[in-house]
Amino acid sequence: MTRAAEHSHALAPAPRRKQRRPLTPKLKAGLCILGIYVLMGVFGPMLLPFDPDKSDILSRLQAPSAQHWLGTDQLGRDFLIRLLFAIRIDLPVAFAASFVPMIIGTALGAIAGYYGRLTDTIVSRAADLVQAFPVYVFLLVLVFAMGSGATSFIIAASAIAWVGYARLTRGEVLRLREMEFVAAARVTGLPESRILLTHVLPNALPQTVIYFMSDVVMMVLVLSSLSFLGVGIQPPTAEWGRMIAEGQPFLRSHWWLAAAPGLMVMVFGIGLSMIGDGLDEWYQK
Amino acid sequence: MNAWLKVENLSVDFPVGGTRRAPVLLRALRSVSLEVPKGTVFGVVGESGCGKSTLARVLSGLTAPTGGEVSLEGVPLGMHRSSIQRRRVQMVFQDPGSSLNPAMTVRTMLSQLLRFHQIVPKDRIEDRCRELMTQVNMPTDALDRKPGNLSGGQRQRIAIARALALEPEILIADEPTAALDVSVQASVLNLLQGLIRDLGMTMIFISHDMAVVRRICDHVAVMYLGRIVEIGKTEHVFTDPRHPYTNALMAAVPRLNPVPAGEYQMLKAEQPSPLANISGCAFRGRCPKAGSICATQNPDLAGKNQLVACHFPKGGTDA
Amino acid sequence: MNFNLNPGMTRRGLLSTLSAALIALPMLGGDVAAQAKSGGTLTVARPADVSSMNVYNHATIEDEIVHPMVFDTLVYGANNAEGYGPGLAESWTFDAAANAYTFKLRDNAKFADGSALTAADVVFSINESKEKSANYKGLIAGVTGVEAVGDHSVKVTLAGVDNLFLAGLTWVYIVPNNYGGMSADDFFAKPNASGPFTMAEWTPGSSMTLAKNPNYWNTGKPYLDAVEMKIISGDNERLAAFQSGGIDLYENVRFDFMGQVPASNQHIVNPTARTMLLYSNNYKPPFDNIEVRKALSMAINRDAIQKALWPNLSVPVQGLLMPGTADTVPATNGTWDYDPEAAKAALAGSPTPNAKIRLAAAYLRGVDEVLVQTIQSQLQEAGFEVELNISDFNTILGQVLNNDFDVWLLGNTTFGTTAAEMFNFYASAFGPLGGWDLPKIGADLAEYRTATDKAGREEAVRKFENLMRETYAASPVGHPATVFGVADGVKGLETMVTSAYRLDQVWLDR
Amino acid sequence: MSGLLDITNLRIDLGQARTPVSPVGPLDLTLDVGECLGIVGESGSGKSLTLKAILDVLPEGLVRGAGTLRVMEQGKWVEPAAKDLRGRKIGLISQEPGAALDPLMRVGDLIGEIVRLHSGCSRAESKTRAIDLLRQVGVPDPEKRATFWPHELSGGLKQRIVISMALACKSEILLCDEPTTALDVTIQAQIVDLLRDLQKQHGLGIIFVTHDLALIRQIADRICIMYAGLIVETGPSAEIFKAPQHPYTRALLAALPDIEASSGNLQPIEGTPPNPTDFSVGCRFAARCALATEACRAARPLLEKTERGTMVACFHAGVAP
Amino acid sequence: MSRAGYIAKRLLQTVPLMAGILLMVLLLLHAIPGDPARAIGGINASEETVQKIREDLGLNKSLPVQYITYIGNALQGDLGQSTRSGRSVTSIIADRLAPTIWLLLTGMVLSIIVSSVVSAISARNKDTWLDYSFVALTIGGISIPTFWAGLMLILLIALPTGLFPISGFGQGFSGHVNSIVLPATTFAIAISPVMIRALRTKFIALYRQDFVMMSRAAGLGEGAILFRHLTRHAALILITMISVQVGPMIFVSVVIEKTFALPGLGQALVNAVSQRDFPVIQGITLVTALFVTFVHLTGDILTSFLNPKMSLK
């Protein structure tokens, strides 16, 4: 072996007293935003005395007033409560539509990366196929075939999103598999499956969690886009994408009907991206 | 030397390209044979690409040989070993940064091994962990730390504790101190020497650092391009290097008090690529004493207690 | 909005007697024709394309608007007492004893290729329609004999008094005898007819261009050189195209967009002969039970819809037949009122208390997501569990034909100036598909057909409306108006109660 | 011998730290024509940062603080900006030979670019100059090797190419940052010989940084031993090795296994080097030094001359432990 | 393995991939519940017309036969007829190609320029307020719904200034250019944040490389380093980025076409799905899949030219 080029040098890592690493500012900010959304989603609708789905067309398109703080939408429903109620749809569906593929993708990626050869070729070729297939069409037809609504969206999203996780985990596992602590574990006689589960995966998971955060943001965007195209969550359920679509005809007179839901999506996305970046920094500390 | 750990004509080839029918082979080990007496420290030294690490991986069961055999007390020792055989041979690796699982505390790592191999009953695992820590001169509170919070030297000691946890008879050390500073290296070497002495273990010490090998090994084998070119007691090989390559190594190694010129010859050119299979002696391209016979015939190890694989060894062929 | 049903169903159609209305009008307006300038191309935006130019299987309302621009009929619908005015037939006489009409053809009538239009062509056309016109043979069923009298007049004998006949004639498009030797399909691919325009070029699904018919009998007309019709399906997109100046005439401005179209460019037709209808499938549960149908009808808050969604752009609910067309009268055994409590009670009492139903709708001609979601919300108030099934018109029609629907919200428009056409259409199309009481409706239609005076016709209509109200066979929601977007410089646009429009008297002041 | 480089009071500071923290310095360095100055120290001693500070190519987050740097230019001491030194007066050879060459460019083009930069000759001419330079640094079959990509060459050859790039700049001073640490010992010997020949041939001044005491003993005329960012002992190499005065130097030699002596136990140095953020006010080695007294902890000893022509920074210099 | 060998291998790999895509495109038809022919039939859905449709689409034949006939036809450019307008799918796609290509090209070019410039500047003055603002903008950009960005551009730019049409593709070249400005900007807003994030990290890593320090030490100026050395590395990264982003780019272009009513492939697809016009859906899916595979292929080949190490793999 060549001489060890890398010396454990330069500001040697003196043993640190505190075990728990402090949260980075970005991570804190992101968690705050997420927390606010969850609170708004859970308690918001309780505080406002309106039914988000009941239309009262006689009082439609009212400007913001003392009674309706953000006015009423095109069907006379209180606009603010629908914005808050949409959290109960967009968040859980987006999280579910990212969580399911995370499990599938990570498992497949880990197996493909660690055991290699046959499993690797199968998973990689399947990933190429799904990647080559235009995501939108696949999502659209699946949702269309199974009837639009939350469950079919989650199934359709999972059928595509697992590829991202599989590729990420496979890359991480391939890198970790060559490291010495895995060889050391083999020498001590631990079975391959135990090594994968207790030694390799725990080191691969941080990247997966960070990717999960950006995937949730992606899923919220895809879910709202599908509703915008008329395929996603069905009326009268409040959902940000559909609210934007239904606000589009009133862009000139009631621009907030289209603007506000978009803003809710954006701020939520910012919150989650900050959590993602924050976790990235936190893990490297 | 009573044959305790025997390696007979061990060869290892890695396919690195070409097609399935005509693969391009990297011949890492080319029929290497050696015997390691019980309770001694056997050094293997050589430059990069000489195959010393591959030898370590075959002995520890990480790599399968393509030819030849390793046996312990006459029992063959391949990649698939019973759990008892598995425990008898343990290894310490070179890079402190990646030889410990960064996501696991020391205690979890050690107790996983103790539990899996049922080395001690469940209730004794914590005490055993503490004993292991003291055995490697580490404070017991280090059990709660993750490798990220330990210095290079401390991590190597934990790696040694991991090996000791399985109470092995043979410890294979693959350049354990190469990545450490001189001051820390000394403490780890002292620890290893102490353990070998106290626990009566046998150690195979792989290194590129001749000074360290000189200091702690009883016997030494010098390797070049997958072959053993010289083997014998460390004292003899280092004071009276008979193979021109060993001679060149001694010349190249910087030393504290300068050596009179002419004692050793410098090597020209560079080591040939391991992919090329060279007829005759692989060293002839760089050897100052290369003759015509060297081109055709690959010399075997010969001699009584200091073996050398060369047609024109220093001091004749019968010493 | 009307729809085409497959063979065996009558079809709503544009009353091709529009030009007759024009002729009647000059007496009123007078100076309009004076400054008219000819030339220029009019671009029209429409939500959907014609299905085909074969006049015998009209598919959609688009067919009813486009066909009369290319084909001509003997008689046009008109706003006069009788309801009909001269078309290709200059005049006609009725011999009460022989129950026969004699029509005097215009002597300068020609087909687009210049060949003369003779009585033989008319005889052939009437017989072809009697046999093949799936949707209107019901109206001309009373014809027993057709014969040419010389080259320029045709004698038609009827079984007896027949108030549907003249209405039927407005759907008999005159084609050359034996299609001028071609097969029907080849003829209709590039029709050679006698209407004001000929079909110059058609890319299905995106646009159709009509050119001026040089041999049109009404010399000097049409003023326009050509008409270009573009298909733009989305409401937002059509408005945007109109605003960006690419479009001269734009059908069906959505009421929510009224604010974005200047008043000078709005052409409002109110009342329009249109009924917004909730059409239920009474064959299978839950709507096979009258209580559920009653709940459906009473759950709809018609006043709120008219006040909020169609502010002074609609006429109070009268019934299934369209106000503004002759002979239509409301039911006398009750009104279509909104009673949420009764609706809840009726549904709760029915065998399917919280029925799960699919509300089908196509966003076309007055039906938009606001109206659909309002209806959905009101039905849910009454206890229904409503899931929306939004798709394009043809797909929903396919489901209705396969009896695979629960309730369908659609806008029904008549192109006849009298009740005749819609009455026949309800009897032959809606009845069979929706599971109505066919014998009773058939009897009322026959009574209408043979009524000797207006009072008799109105009595037949009243019976029909009472039957509908009593059995809640289908529930009218209201009669919204039609609004056209007309660009500056487009002059001479005349529309009738049926919101059909004729382009041969439109001219461009540019 | 005539002076070539004179650095006084050089200091390297952490970029954004609120209170100024300098992991390296203050330290003084001098280099004469044809002289080889060895700087030796363990990890974290700041030896490599010192070299980078001279050309001010410090990594992110580190900035060159106080300190003057003067260079002999036609007989006069001048104080040029770091920018003017780069690629003119001073050349740098880094540790990881692979990483020093742009992987996406052929070797010939890499050298050609430097030649054109400094001599402004045409592209064709720079190619022949490049091949000539390769021959000078002992690369076999230079015409063919010039067309190779960096990843197709061995570590030894890559290091020779880096040296040839320094020669292309006609540098008078070569800063070598552990140039042979990543190489095998036989190749290291060849590179060291090459450097020595070039030094004689061009009268170069070389500053050679390494952690390998034995290597320094072999090639350096004068040595500086660095610990925790400071020079603790400096002087002619023979004197330093014969009678090391500073406890740290002595401890290093005691811990170093030499190829000659086969017996005797190695004495490790307990503890770890201090972290720059909490340097003590006194002697930074005090925590690990057997001779440490209250005085050592109170104030930092400065380099003082000894009678043996060396300098040492310790209150108890020369006292046997 | 020489570069030509590598390219040949990559080309060979696309054959099974295309076969797989064709199979999935065909299976789309059977994804709809019930009898596909009846659903397509719709209007004149008398029994014999439904039977005729079944024959046209070859649904009565076994799956493998359908598969081979579909491939056979596809190779001759015949992708079947639309069940709505009866027009050949190929001509429908041909009419609708221009706006989509315009959008994809202008959008991609804009995204590349924006992301390279922003990421280079951001990496060069790392941890300054400029860098922080770019990072904030990128995080914001990633979470903006594409269609909402489009609507806001209409609300804030198109309506008040009237400079740009708020929908449609315009007439003639100048009309196209005028109408593609806002959609292309929306495209860039949707795609470049992800690219900036990745490029910035890569640039930062590049600047930390030894050879950058060595080039500086050899006297090379910042400009020379950036343009003569780093552009090559940046190009490599950009190619991989585009290759990875091509899937989302198509999704984004469909959404933008709906927002700005651009009569492109995306809009045709949305209409085809709502009208259950399956031959058109299959045709457009196939074309987009071809485009994605083409981009991936070119990406790999370009990378093999730029990165010498890779071609030996």
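Note that the chains take the letters A, B, C, D and E in the order they are written out, and that residue 1 is the start of every chain.
Assume contacts are C-beta pairs under 8 Å (C-beta built on N, C-alpha and C of every residue); 3 or more make two chains touch, one makes a residue touch a chain.
Since we're looking at a predicted model, the values are computed, not measured.
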Inset, instruction - Return the chains common to the contact lists of chain B and chain C. - result: A
Legend entry - Minimum number of chain-to-chain contact steps, chain C to chain D: 2
Legend entry - Chain whose mean Cα position lies farthest from chain B: C
Inset, instruction - Work out the mean Cα position per chain and let me know which chain is farthest from chain D. - result: C
Inset, instruction - List the centre-to-centre spacing of chain B and chain E in whole Å, with centres computed as mean CA coordinates. - result: 54
Inset, instruction - Return the distance between the CA-based centres of chain A and chain E, expressed in whole Å. - result: 22
Legend entry - Rounded Å distance between chain A and chain B, as computed from the means of their C-alpha atoms: 49
Inset, instruction - Just give me the whole-number Å value for how far the CA centre of chain A lies from that of chain C. - result: 51
Legend entry - Overlap residues in chain D, where contacts from two or more other chains coincide: 42-43, 96, 184-185, 211, 272
Inset, instruction - Would you give the residues of chain B that are in contact with at least 2 other chains, written as numbers and ranges? - result: 47-48, 151, 181, 208-209
Inset, instruction - Could you list the positions in chain C whose residues touch two or more of the other chains? - result: 236, 390
Legend entry - Interfacial residue positions of chain A with respect to chain E in the complex: 125, 128-129, 131-137, 140-142, 144-145, 214, 217, 220-222, 224-225, 228-231, 240-241, 244-245, 248, 251-252, 255, 258-259, 261-262, 265-270, 272-274, 277
Inset, instruction - Could you pull out which chain C residues touch chain A in their complex? - result: 235-236, 254, 256-257, 259-260, 304-305, 307-309, 369-370, 373-374, 376-378, 380-381, 387-388, 390
Legend entry - Contacting residues of chain D [partner chain B, same complex]: 42-43, 140, 154, 156-157, 184-190, 193, 211-215, 217-219, 241, 251-253, 255-260, 262, 265-270, 272
Inset, instruction - Write out the stretch or stretches of chain A touching chain C in their complex. - result: 53-55, 57-58, 60, 74-76, 230, 234-236, 246, 248-250, 252-253
Inset, instruction - State the interface residues of chain E toward chain D in the complex, per the touch definition above. - result: 126-127, 208-211, 213-220, 224, 228-229, 232-233, 236, 306-309
